[in-house]
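Before anything else, here's the structure in question.
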Amino acid sequence: MGRYLLKRLIQAPIVLFLIVTCSFVLVRLAPGGPFDAERKVPPEVEAALNEQYHLDESIPMQYGRFLLDLAQGDLGPAIKYPGRSVNAIIADRLPPTLLLGGYALALAVLIGVTVGVIGARLYNTVFDHASMVFALLGISIPMFVVGPLLLLAFQTQWRLVSPPGEYGPSFAYLSLAALCLAAPFAARIARLCRAGMLEVVNQDFARTARAKGVPEWRIVTVHCLRGALTPVVSFLGPAVASVLTGSLVVESIFLLKGLGWEFVFSAINRDYTLVIGTVIVYSSLLIIANLIVDLCYGLLDPRVRYD
Amino acid sequence: MTETAPGLSPGAAAWRRLRRNPLAMGGLVITVVVVVMCAFAPLFSGHDPGYQRHWVGALTPGSSHIDCLRENRLIPGQAPDVSPQDLSAATTITLAADESSYREYRIIPDTEGRIRRIAGSQGELDELVLNQAALARVALIDGSRGRNLAPLSLRRGEAPPVPLFDGSAAVVLEVATEARIASYTAQLNNGVVSAVQRSGTALPEGIVITGDRITGMEADGRSITTWHLLGTDIEGRALFARILYGGRISLLVGAVATLVSLLIGVTYGAVAGYVGGRTDRVLMAGVDVLYGLPFMFLVIVLLSFFGSNILLLFAALGAVQWLTMARIVRGQILGLREADFVAAARLAGTPAHIVILRHLVPNSFGPIVVYASLTVPIVILEESFLAFIGLSASFGDGQVHSWGALVKTGVDSLGSDGSFAWLLLWPSLVMAATLIALNVLGDGIRDALDPKLSRGAA
Amino acid sequence: MSEPLLHCSKLSVSFRTDNGSLRAVDGIDLSIAPGEALGLVGESGCGKSTAAMAILGLLPRSAQCQADAIRLGDTDLAQASNRVLRSVRGRRVGVVFQDPMTSLNPYLTVGKQIGEPLRIHLGLNASQAKERSLALMRDVGIPDAATRINRHPHEFSGGQRQRLLIAMALACDPELLIADEPTTALDVTVQAQILDLLRREQQRRNMALLLVSHDLGVIAHTCHRVAVMYAGRIVETANTKPLFANPQHPYTRGLLAAIPRLDGDRGTELTTIPGLPPRLSDGWQHCAFAPRCPHAEGRCRIDIPNMRQHSDEHHHRCILDLPAGDAP
């Protein structure tokens, strides 16, 4: 366990370094500069801007400077936001994204596991079939179709939620966004959990429990749930990455100005520093999430050894 | 318990099981129909998916309109150039053209959707009465939308009687000050215009009329119109054609990126599994590390900085998906490596790449096919996602977009009252149906190839 | 024979499969007296486990079970509700399964698993259950029970896991223990220990035992009475001694000839029964053993033979009268 954590802790900076380098190279290799779009900018101004952001130095110099700053936790100035640092922007934009993503993930697990377990318990009944049809729809219908429809129904037609005001989104509105983001993951988790449960309840140890006179609901929850959750947990690692990706569109559909929204904006506007900064933050989130997921394995299954 | 009937190869047995699964067969049929319709799009829609007709604007499904061009020419000595349809067999073509002069009014809404100001070139108005239907047109400020209005009157401080505003932007009304409809007649001789007349007077130079002025067109008394199964988008492009041609991008990306992921994943996994030992550990540790990368973010950076073209898209999306494939193949090969027939081949001195290609990969075919078939819808979904944030490839001078971009257009044009709903509905429906079909088919293939795993695992 | 503890009459089980229905158990009658050990023996696939599981309603969903009655004391398990069945399982009837590697829950500590029937049926609290579990673990011979009670099954050897399963089945002091091939998955040396444990606990608790095995040798050591099963039917039943001394059914003779004997001549060949075990799917119109029987005659292929009485407690299902000397 200790060794495993250590290995992971050594691995994390390597992964981060890879990502930083990758995105740096990607961004700098690309043709054109950040000030291309603004043709009005006179050449002197552009040169001054380039100098301010060290874009006039050689690429290895820039890279070295960038790594140095990064080692001190400084992601540099944001190119498209004069006078603001990337750190400040990220500090500003991260909380809504974390809230949305965490909420969606929790919803997905809660809905998915509940539906999956009940579906397996009621195998081959109307509930089972109906929930699997919904799961199929959830997997197949993109969230950028679901989102606008949800908004059209709940906001425009029934006026149950209102768009985010000065003090951020209301709980109901945020729930709607989280639901939209959670839907495909809830669907996949429901399928995984149901399949896992069906497999586990047919295993010998479930029969042993039945032979002991254990009530059926207790067999499902105490004896089988952990086994059925194993595939769900291994899905959660990639799912965190997909939830973060999904929040890019959900944030833009639901007008939640989080990190995803900022990321798309900065990528399209070629804000070098902001793009790299956001990618680093996303990667760190992912690394942490994967670590938590791996530790969950151990909690679920006593046979798992970390070495 | 599933017993393989004697004398059936595993492939044939799997196909038999697949055929007995009505859901999977439904998926197969829909997939085939969609693929065929997209691949042979010109057979199913005569419209050019990229042809903009601003003067037509967004038409509801099933609407028709005069089938003229952006610029219509009837010039003696040349073939008539007034319609995508072939009119060379006609002997007379008549055109009705609106030659009224227009005056522009800016209608500016307040936050409640009421009219705040009516600004004309002569100053502000309190009321604007439009009584001649075809002669008032709405255009957005950027000139991208044209739509004729029914007779109505607009009063300051009141909401417009028909949906006029879309959001808070002002609209421009063009109102005819003096209605004048001219009629042109062209005589044709062997598919070539021989003479053009306007109300009886000959025009030796011929005429050039823009599409937005044309109010009627007949060839030999037959009205030249065209019909749109799914209507048109705000630029007046045929939606059905756009879905079919856009599907080519979506499906192509889905298929090719999956192939790319197969190529990388199978090679990588096969080498790791076959060589084993230290190499295997290092290679698989690499996969573990890569699993931690936020690939989609890098893809977004890549596409937005390098510009999206379809080759980049193939490579990028394929690169996102190969990791799982590598793991699956490696696991399979690791298991098979010790099998007798592999040992025999190795002892006989067969080179490694031949052993891998001849024996190991074909024997891992089942899981590879299952995973690949479930990857296609995932890639299509990912591509649509990129298209939605404006980062996918386009065909036909940037006029033909994949399904995700069509859905995005639908979302953007969806008025707060649900107007233009068909622009969201149909692309979404086709895309969802295709993805459902592919998923069901993939599930079916998995169940057929690996009956142990059935019962619909995700 | 005294009033039986368990009495099944006309118990039949069929499975729905892709290729139609399969009759795994075909109208068997079974009786076990209190404190008696009955061995159910037959080749693998003849329906022993299915019959044993049918008693407690532990069959998979694809099985359909019919019986005139399955009486346990004065409860008819054939008609009983799920609730009643649950209160019988683990309380009045304990079950030990064949494969100790998969029959224990890998996710729970062994203490929790042994204590579970105590908590469910006897309403003990956690600490009482733990105390009793500890005693049970010692009873079945787990060394160092006090520390290992909080371990998970994968930390125990195969033989120990089987002991744990036995402890679990014995937890509520059942009247009947069903042991389905309890030693088949174990090493030979461990087999003998587990059989000894079973026999000891059976005698100590004066508990009835239904021991299912494909191995007559296992049965001979442990059981008072034997029922031999072939193709879903019981073909011979007798007390252990007379059955071994004077088997009446040719199938039983075949089984006996197949037991390896430590004391036997090294020279004599171990015989096996020729031919394949029968298919169950099509339902037999005559003696199912006839195709493999060295004594079969034309009349064997006419009708399904009825149970015949050979002596007081010795019944068999063969229409031939085999010469006594044929026994091994």
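For clarity, chains are labelled A, B and C in written order, and residue numbers in each chain start from 1.
Keep in mind that, in the parts below, contacts are C-beta pairs under 8 Å (C-beta built on N, C-alpha and C of every residue); 3 or more make two chains touch, one makes a residue touch a chain.
Keep in mind the model is a prediction, meaning the values are calculated, not measured.
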item: Chain pair with the most C-beta contacts; value: A-B
item: Of all other chains, the one whose Cα centre sits farthest from subunit A; value: C
item: Chain ID, smallest distance between chain and overall C-alpha centroids; value: A
item: Distance between the centres, which are taken as Cα means, of subunit C and subunit A, whole angstrom; value: 54
item: Chain centre separation (subunit A, subunit B; CA means) in Å; value: 27
item: Gap in Å, rounded to a whole number, between the CA centres of subunit C and subunit B; value: 66
item: Residues of subunit C that touch subunit A when the two form their complex; value: 56, 58, 60, 86-91, 94-95, 97, 99, 102-108, 116-117, 120-121, 152, 154, 165, 168-169
item: Complex contact set, residues of subunit A against subunit C; value: 202-205, 207-215, 222-223, 226-227, 300-303
item: Partner subunit A, residues of subunit B touching it in the complex; value: 289, 291-298, 300-302, 304-306, 377, 381, 384-385, 388-390, 404, 407-408, 411, 414, 416-418, 424, 428, 431-432, 435-436, 439-440, 455-458
item: Residues of subunit A that touch subunit B when the two form their complex; value: 11, 14-15, 18-19, 22-23, 26-27, 29-31, 132, 135-137, 139-142, 144-145, 148, 152, 156-157, 188-192, 194-196, 198, 231, 235, 237-238, 241-242, 244-245, 248-249, 252-253, 263-264, 267-268, 270, 275, 278-279, 282-283, 286-287, 290
